[in-house]
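Right, I'll just put the structure down here and ask away after.
We just call them A, B, C and D in the order they show up, numbering each chain from 1.
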Amino acid sequence: MSLRTPADRYRMIRLIRGFEELALELVASGDIVGGTHPYIGQEAVAVGVCSALRPEDRLTSTHRGHGHVLAKGADPARLLAELTGREGGLNRGRGGSMHAADLSLGILGANGIVGAGAPIAVGAAWAAQLAGEPRVVVSFFGDGALNQGVLLESFNLAAMWQVPVVFVCENNGYATTLPAAVAVAGSALGRAEAFGIPAVAVDGMDTEAVREAALAAVDRARSGGGPEFLECSTYRFEGHHTMERRIKLDYRPAEEIASWRERDPLARAAALVGDTTAIDAEVAEQLYQAREFALASPAPDPAGACDHLYASGLRPRAGAVA
Amino acid sequence: MSWLSYTKALNRALADALAEDPSVCLFGEDIGAGLAGPTLGLQKRFGTSRVVDTPLSEQGFTGVAVGAALAGLRPVIEFQIPALLFLVFEQLVNQAHKFSLMTGGQASVPLTCLVPGSGSRDGWAGQHSDHPYGLFAHMGVKTVVPATPTDAYGLLRSAIADPDPVVVFAPAAALGVREDVTGPLPAIPLGQARIHRPGTDVTVVAVGHLVHEALAVARELTEQGISVEVLDPRTLYPFDWDSLGASLEKTGRLVVIDDSNRSCGIGAEILATAAEQYRLTAPPRRITRPDGAVLPFARELDRALQPSGDQLRHAVHAVLKH
Amino acid sequence: MSWLSYTKALNRALADALAEDPSVCLFGEDIGAGLAGPTLGLQKRFGTSRVVDTPLSEQGFTGVAVGAALAGLRPVIEFQIPALLFLVFEQLVNQAHKFSLMTGGQASVPLTCLVPGSGSRDGWAGQHSDHPYGLFAHMGVKTVVPATPTDAYGLLRSAIADPDPVVVFAPAAALGVREDVTGPLPAIPLGQARIHRPGTDVTVVAVGHLVHEALAVARELTEQGISVEVLDPRTLYPFDWDSLGASLEKTGRLVVIDDSNRSCGIGAEILATAAEQYRLTAPPRRITRPDGAVLPFARELDRALQPSGDQLRHAVHAVLKH
Amino acid sequence: MSLRTPADRYRMIRLIRGFEELALELVASGDIVGGTHPYIGQEAVAVGVCSALRPEDRLTSTHRGHGHVLAKGADPARLLAELTGREGGLNRGRGGSMHAADLSLGILGANGIVGAGAPIAVGAAWAAQLAGEPRVVVSFFGDGALNQGVLLESFNLAAMWQVPVVFVCENNGYATTLPAAVAVAGSALGRAEAFGIPAVAVDGMDTEAVREAALAAVDRARSGGGPEFLECSTYRFEGHHTMERRIKLDYRPAEEIASWRERDPLARAAALVGDTTAIDAEVAEQLYQAREFALASPAPDPAGACDHLYASGLRPRAGAVA
């Protein structure tokens, strides 16, 4: 799915938003077990960045990964089937929300460990460089990841080796309940710059602004200019995890949420398109089909619980011996 | 008399330790909000300087806790996910555990690590579902897996009071267990097993939440005239070999049920020691996860890899055949 | 014919792998200088882009290697110290090991970790003397401990060719072993034990450098009319249970000698499996480091904690008493 | 031993230099097993920094720790006995060079893992802050440690919590064979500053310059001003490890070594004192006594190899059972 025009990008934002709302519904109904980390509010980042990528480019994602995975082109039906733990899912139901991946599209996976995707992205970029392939790798992560040592080590390696990686920090102001203001000493931009990585602040609620910054970073990386860092200021409209719909936490003031909601990237993207009725209808249909597909896809056979444990085909001993 | 939940028992243990000993302090992510349960209300009561919300820097703050311990404090760290222990393996086993011997007894590191929600939680998938207590038992870090609210209280108190590092695993599947209690709860010494149910035909050693599974099976087997002794080691390292020996001398038959990977797990250790020291009437059995298990997301698959009451029943019958 | 040292065998394996397969690359500290031995001369021959000297960022470059593997390369990492594996436990067991299953078979991570000089090296003390192969055998990462130069060559070649992560431990005490070899050396499949010496009275399973200790004891015991079969598993995970079974069927007696901590070690696994599956004539024995051992600096103390030929002799006599 | 006057500081530099030369001798003779990381050339840093400390202040050290340990006041005789693995050593021969500690003097230990001391220092500083004690903690580390994630995490925690810690980077230009120039992207100072930590460049060959910078940093930290970072440019005159006396490596140009030797901190400190004959003689006598003490001290009894493994007195199971 191309993201070349504002209408394409609006459509993708609409799709992600709708997908996430559908996911909320399926969490509530119990069809998605364990819950998800909703991406609602942050869509401009995934869509703006991925609009700057080519099919052969790669990305690493996070626990809050649906937006990245969809924007890079994954089939919403198969992503939803993954979330509902079905055989038709992207990962055959083995990964779920936090590990959704589509290697054929360069999506090296959502990740359950904060910061873990960054060195993987650097490694994939390093491999492209070694092969002389003009591929760029994007590493998405949150403000919380800025305090992970492995991420800072990755900055150093990327800068030292000048690999084609773009670090995209989605600063939504919080790591779960912890405000970035009391967790991140100095500034996000300053951290990247300290490693000699050019760093740019971007309005993460504005798809076009993100796209512009990403295009510049990706082009530079692709042409051998080395890594770049984008800090996208954004906000999650939902709780950290769907669990928060059941437990009351008061770490974010109501006015803060309200003021960010006024900057909804969906509305902003729609404004560039004009009449969105047709697109909205198409996306609604696509999501309806996704839902049908996901819920009709069979549950995995328990006999295959150890399938793919080893790429070599090694079958481990079972846990109980008859 | 009160109806005490396991999580509340951990909460009470932390509160009592903080109240009684000014050198106790807590570190962890989202502990101010009490997100995981055990720290609920503690920051309000004891202040932000003793109940410290940390940035997402597990290695850093675990090292900080080691330093604070060397300076005379008794830090407790709450880890949101068992996999976070992988991130701090160096700090725990290579620093905290080794300081006493390496300094010739000059230093001690009274550090407690609490992992509420260890093992599988529905829908959390491969990177959030490990039960890595065997790693610590191998490296020699004191390792505790309470099965009941009173044990959770008493063992956590002892862990905090202990002069050495201790890791306390609170299995997700045990957090919902409740118990009637009256009056103040006692500390329970580390290294003492608990016979939950005496029996004469087979010794079933059950770890953590599987104690309850074992008790259910034991009750059921009574009806078939089979007398099962259910032994909960409670502390996996140091292990209470005397209690195991006493039980095996009575029964001569051994089954272990343990929700961790098979190879080199605590089940292996128990069978090995039993084989070395006792002449068993029948070959022993263990019920575990498979070798090298990675829990898949889909519930059917996840469950297929965890030890079950059925497997236990089967194993008990098998050892009784001899 | 040449007189091949263990270290030189590792060096040759790396050189041949680099020469034959352009997707092989090396990462590690001071590998350009060949400081630890196995990489000597490789950077000169294969260039700095395939033999990469890394900054002291173990987590970062291990993650990089995972990313490079996902992008189609076959990275090998050399770790200067076994304890560095503690630093990268997350990257190895929680990322590299789990990618295949979590992605439903989309991804494989053909990553080899080589630890030359594992175990005790005189004078390197507590933080440099661990032999943590049991940790990987527990988590399910393929784990190899070659005892001889030809095995070192052949197993390292297979490790690099394997589609899954493999950790290869080269015990410090084996690095000096030499062997006469002629012609090209074969790859040796993972998961196949080697009977170093057939025997009928007792099976001695020896790991790594202790194979040589076991062979010395076996030769000596021949003079007392005792026939010892010396079995080297070579791969600790997956373990060659069939070979063990065949040996035990012959001897009915088992002693394991293993230079790692006792509790939940590979010795425990071997005894446990033997106890489950075979009726032994005598209780099995294992000779290991003590529980939770930290090797003290002074040579007398360090040696006191490592398995010895004397202990093995004693154990063989003990199992023969029955 | 006070370091208040230039003569005091000269004496300490002389002592460290002489101690290190003696250690080289004892490595060559085999009395020190395993070798050491010589501090020769870097003495101005340890002495300048420790001259700014009070007895109740603390420090964490590195693998290259003799200078720090002596400058903080440890008995050279007991340090040497530690290096020779004797019962009279600081750590009763359990730690050796890489773990030398004297907790009674606030020396929280040399450390075998690069970067590991930093969070420990932050933790000790945090504990002092909590207790309202006016104690400062110094964390020494090399340029190699600047690439360790845990160190950067420690910067963040120290800055966020404004604890009384002074980070002292001894930039000797190399991490073993790897030049800092190809390992550290950006600058050392810039890394600290990125976390909001004031950072100062210091001539690490000039004891008085180091002292002045350290006095300012320590005073500020003690009075609640938070952490500071000193980058001391220095050089090691010897190889990374005594091993390098046996193997030839050519990572440092001869002229480079020669030009740094001309800036020997010993000569510079001597120049401030005038006639050093009397001091030199006293130090020589002290070292002679140290040597006598160390070599006369008894080797540890192997029966005590597990002494102090647990501060609780727990005695682990042995590795071989009779």
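Note that a contact is a pair of C-beta atoms (placed from the backbone, for glycine too) under 8 Å apart; a residue touches a chain by one contact, two chains touch by 3 or more.
Everything numeric in this text was worked out from a predicted model, so none of it was measured.
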Query raised in the report: Which contact partners do chain A and chain D have in common?
Result: B, C
Requested in this report: Average the CA atoms of each chain to get its centre, and name the chain whose centre is farthest from that of chain A.
Outcome: D
Report summary line: When centres are defined as mean Cα positions, the distance from chain A to chain B in whole Å is 35
Requested in this report: Between chain B and chain C, tell me the centre distance in angstrom, where each centre is the average of that chain's C-alpha atoms.
Outcome: 30
**Report entry** Whole-Å gap between the CA centroids of chain A and chain C
**Finding:** 39
**Report entry** chain D residues counted as touching two or more neighbouring chains
**Finding:** 91, 93-95, 99, 111, 113, 147-150, 153, 156, 160, 182-184, 306, 309-310, 316-317, 321
Query raised in the report: What are the residues of chain B that contact at least two other chains?
Result: 55, 57, 59-60, 83, 87, 90, 94, 101-102, 125-127, 140, 238, 263, 276, 285, 291-294, 296-297
Query raised in the report: If each chain is a dot and touching chains are joined, what shape do you get: line, ring, star, complete or other?
Result: complete
Query - chain B-facing residues of chain D, complex - result: 58, 60, 89-95, 99, 101-104, 108-109, 111, 113, 116, 118-128, 130, 137, 149-150, 153-154, 156-157, 160, 306-312, 314, 316-317, 321
Report task. Flag every residue of chain B that touches chain A in the complex, lowest number first. Result -> 29-30, 32-33, 35, 53, 55-57, 59-60, 81, 83, 87, 121-128, 262-263, 285, 287-294, 296-308, 311, 314-315, 318
Query - Residues on chain B engaged by chain C in the complex (per definition of touch) - result: 83, 86-87, 89-90, 93-94, 97-98, 101-102, 125-127, 130, 132, 134-135, 137-141, 237-239, 260-261, 263-277, 279-280, 283-286, 291-294, 296-297
**Report entry** Interface residues, chain A side, partner chain D - complex
**Finding:** 147-153, 155-156, 159-160, 182-187, 190-191, 193-197
Query raised in the report: Can you list the chain D residues touching chain C in their complex?
Result: 32-35, 82, 85-86, 91, 93-99, 111-115, 144-145, 147-149, 175-178, 182-184, 249, 251, 299-306, 309-310, 316-322
